[in-house]
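Following: one structure in structure tokens, then a few remarks.
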């Protein structure tokens, strides 16, 4: 029996080591993403929706300090009120906070100070994971897990946001160097048919998921078809050449208002090079358009207009999830270091995961029976369930181990700075 | 056989007479609603979302002229380009149009000129209904029917919009005189349970419906409960007294932003009379609050926050329609001449129709298989399917014969000038 | 001695009769200006800077009621708090007031009610003028005089503002009918030289003047030259043809920002009729451009840019007044019923008065020793002495007996809806 | 004669050495001001009116490169189009430029790159000063002189702008350390009388001046009085305690609109510490208010309202210059390293120079006969002569050798981030 206890303790210790390694890995991935950027780069905020790299590094740290260390480490020495105020994102329960549009005014704390804070917190979390007693650990583990998934979300935001910063700079700086994709022609578009009937979607069982992915629930589905690959730049250039941005008929009313107000005539980051030649600003600088690569940085309005022009429609999130459920969650992700979508390489249903987030026609709402967690953590997802649309599948800026078939991303319909594209669907 | 033909013709003539009468009735109802208003009253636009009464009278006329008379009456003498431009609401296919926020700058055409135009069009439509040959009539009849339902929608807008105009006037003018409701106490709140399972909703079969009400389709539904009556002013005053407008936790993120930006502290048209006493501006002027009457002129954000405070939720439109399908579409409507919601008078599931539009938690989207009509008429509904929520059941400003269980109204979540309230729902 | 007293009383009575007649004449001139307009026309506000005709009729009445009747007529029955609130323009001392941009939301009080109020006030003022004892009259007379000059200012605003209302109406309604001017060629531009030296400007002595016209004071002036006539449409078309609106060099920095932000490419009310043909919207509707007529409805920025383009400058208000002081204050004014500037008809220094207000380069500031009156009347002029430029000489929309050489009008530099033009000046 | 030529050359060489030293001194002063700031600090732009430190360092360098090196050094290797575009401030003649509100989005070029560019330009200018032949030098010298005075203006802007950046940071960082001033009581206010008569103001003769300081010209002046010292914080606290910010009567109409729109209740950088206690954010961090020190960071509107409350007025710029002309241009300037105004230390007319810029009541306009230089340099001053007021005398953030009696600074009336205060004046 003593042996059993010892074995138990030993297994526990191994579990904790796994968590410590996981924690270290995710946290260091953030540092790796920031590494190509100077302190100046990391301080800039180019629009209210985006945040400076330094702020992301600090806010993810705030999350661990606020929800774990302050609660579970009696003698923890926290960073002080100013940091708590500066790096709270939107948690009303955690008190007032620095206004979002002013995140770019903070030259202090310096990047060095933020990184020192990261190390301070990392050491404390590491010690806590290793040392917490079992009963505390039962409460801590889900928060560590949530914190790491939260950090991975901000890793994608770091890439999205610095891309926007650099796009505003007439010097068109590169974040990294990666060559234009080689494939110049996409596989032919095929259609995969899916049966209708009473289905289930949503997360259930073991494995991490955000609260908004559940409960798993029944839905009635009519038969439908999905395009085998993402809409490409070549497809999208056809839409543009056919007057896509000047035909009000193709657009939702609010979408057409955005076209006129914002002067949209191409996806975000496309730059006209005289006449109808375009180049795209990427994290590797300005590059020629690869016709075979998926179109990226389109709003929901553009995705919807394209689908209407093509005589098709966008999938619902139910359709997408039913189709994706049995597919492996593999694809072209951020881990490749190639932060731009790539062409599909083979025929057949492809690219469901990675490359670009796929706009669905589904508004972001609560699943039947959804209840947010109590306390500030409960503010994570539920309060954003209005005025947004669901995107699925992850992108070339998403960490590979962050995504799954039930994962629900969401943005307002006019947003374009995410790595967002589309796949066509149709009734069967 | 000649007899049979004659009988047929005779029946046709009777049918046409019914249509002529129906047309005359709906059109004169608009005039009756405008009758208490001076030419000055009818020219004012108090916000971009609202339109002057005169504009409503003209636009509904434009609809008949544009989509019926110009197409089906060879020698019809239309109103000219200026009217076509001025009174197009949002039909891109019908060419450029006067900017919506500038509808209140039009002292010309005068009200007299608009009313003369109405008579001119009415005579032509009346003659067309009476005289069109059968094959033309087959195309005309659905347009006349659509035009009349369209006119009824604008009848409600006339009441909504003039209420807003008068609310902006420090003289607090009355549109009409109707006494405060007598009932001072609402029936106790009860809960009605509905079974789940595979259901169908949406319009099918004979009878008019807008395109957005179909196709009828299957949905899977979990068991649920509906409150027997609408949320009352007394209920809502409890919410306010409990700090409803100052607790961020209760609100959607965008809703809380509206509370702060707009300074909301009560429903639209409520006026503080010192301390916590309130009066309500109605179409019969300023009146004391009747605690038993349904709360009205709340946004989706307020309805949602109230439901969260109450520990319940808003119904989905599917739940509402399933519940309403078997109930008679009767209630307190505009035909009563009493343009304000009244208290429920008996226990049991009540007020599903009339009194106030009920916010649902369902975003306004296309039903599976929905296809808009072709041509400009197709712009009627589909292009608004974004950033809006569905409301059900009609209000005290809706014509009784305009509503049905499948009817889908929709407004953006911050809108408050419709006669909108709420009913609570819950999982069973 | 009894005789002397009687003669004195008799002279007084004659004086009072003159005032009664003057009052009646000015007040009825307002009614005459409103006469061509329907109640609908008189209710519209087309921009925050402008007011509805009905509001002008009411506000001028409010002035007499507030500053005279309420103070000097013990048993006067005033219009009530609502009118006092609605028709106060900007007198902080008179309490809170209806927001300026909301003057167009007031269908009530009706035009009939406003006109009834005018008659009520007119009767009371007439009786007061006739019946006040001498000591009261000494205090009343200057207020009546101020009120009548105030009303004349609003008479010009009635014309300016309804012109703007009608210009926003695609029907391009006419306020009145007057033919295009006959003269097609302006007299040649000549230059009149004026000596420098120690001069005096500003009002002194008997006769009415606004407080901002004094005190009369010394100024040192260098010799200068004034153009003999106003800048014409032909002159201005040369400026436009020479790229006037696209050469940043010609513009003040703030002016250039206005050009870009507002998309200016011609004076207000000019409409391009294809290519470089223009028509002008006038109070007599759309008319061809008369090259010989003075350019009108230009901002200070445009006047200044034109002068720079011409290699000249705008006059200072000191120069203008020195030149105008010895000229008769005659010209083309509103009394003609022809509400549009006309070409100069003869060589020699002309058009100093009437046709268009002439922009000077002088910011609107207090003269040395200027003290505003005490009380609310003191708010008349002084508090606007910032961010505005002085214009001189009156326009085709000004009453002839309202103007004089010392009269200072003022508008912000971007304003264009006044009847404003320019005359060139130069160093001698 | 050879000797004479040699002596001449020798004198020339000495003159050039003086210029080289002067150039080095002014340029290194900019570097010294930037020295306490990190690269992050130097990248931030906290409002559109302000610019990042790095931008100031680059723009002043652009000035020398654009107007001197590119024109006068045949083989000069310039910085390229991107820098020319990024660091042009407002010179339309020099082509399009980076939008002012986006200066804070430029993490690249890095601070290191900007400083390397400064060194490159400095070497080239130094060589040019030393090596240009006499005829070239005659054209170059005035541009070098202008460039150095321009750089000194930006030195003051560096301090103003970083103060604003730090004021937006909840950490309230200090730029430098300097103790609160010791003197706690200001000398009593006395009045100095000045005679009127025909005076002259404006720059003439040798010595540098900006073009807007001339031509020297005659003005007629009435006798006047000037307060012996600046308005102090104690004076201003009396104004506040007396309801200064809540009495509309005291304010210009546009000023009152600013009070309401901006929620002003104290000068910029004052922070309420509970009740009526205030602290001031300075370049040495948050400090208690010294009642004897001059009030600083007030707008023209506040200065004007204070003067009205005090029953006095602001001086005209003519009055100020007449008074200052005979005084030594000495006072408390930036060279002291104490970047905050200090109390007056003795009775008698004091503080005319240094401490705070003094608002005058004079709009910023051209002097009679003023002609801007031709070419882009001509854009330096003239195009801003609208919507601004003149300030005189320099401040604690001004370089001592940058100021003189004829110097005209100017800001819009609502601006508060300059080191601006006021001195009272009155008629004699």
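Think of it as A, B, C and D in the order they're written, each chain with its own count starting at 1.
Simple rule for what comes next: a contact is a pair of C-beta atoms (placed from the backbone, for glycine too) under 8 Å apart; a residue touches a chain by one contact, two chains touch by 3 or more.
Predicted, not measured: the structure shown is a model, and the values here were computed from it.
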item: Intersection of the contact lists for chain A and chain D; value: none
item: Contact-graph separation of chain A and chain C, given in steps at minimum; value: 2
item: Same-site or different-site touching of chain B by its copy chain C, using the half cut; value: same
item: Separation of chain C from chain D, taking each centre as the mean of its C-alpha atoms, in whole Å; value: 39
item: Distance between the centres, which are taken as Cα means, of chain C and chain B, whole angstrom; value: 47
item: Chain B-chain D separation of Cα centroids, rounded to whole Å; value: 61
item: Two or more partner chains touched - positions in chain D; value: none
item: Contacting chain pairs - touch in the sense defined above; value: A-B, A-D, B-C, C-D
item: For the chain A and chain D complex, residues of the former touching the latter; value: 37-44, 46, 82, 85-86, 98, 102, 104-111, 165, 168-171, 173
item: Residues of chain B defined as touching chain A within the complex; value: 90, 92-93, 198, 217-220, 222, 248-249, 251-256, 300-301, 304, 361-363, 365-366, 368-369, 383-387, 413, 427
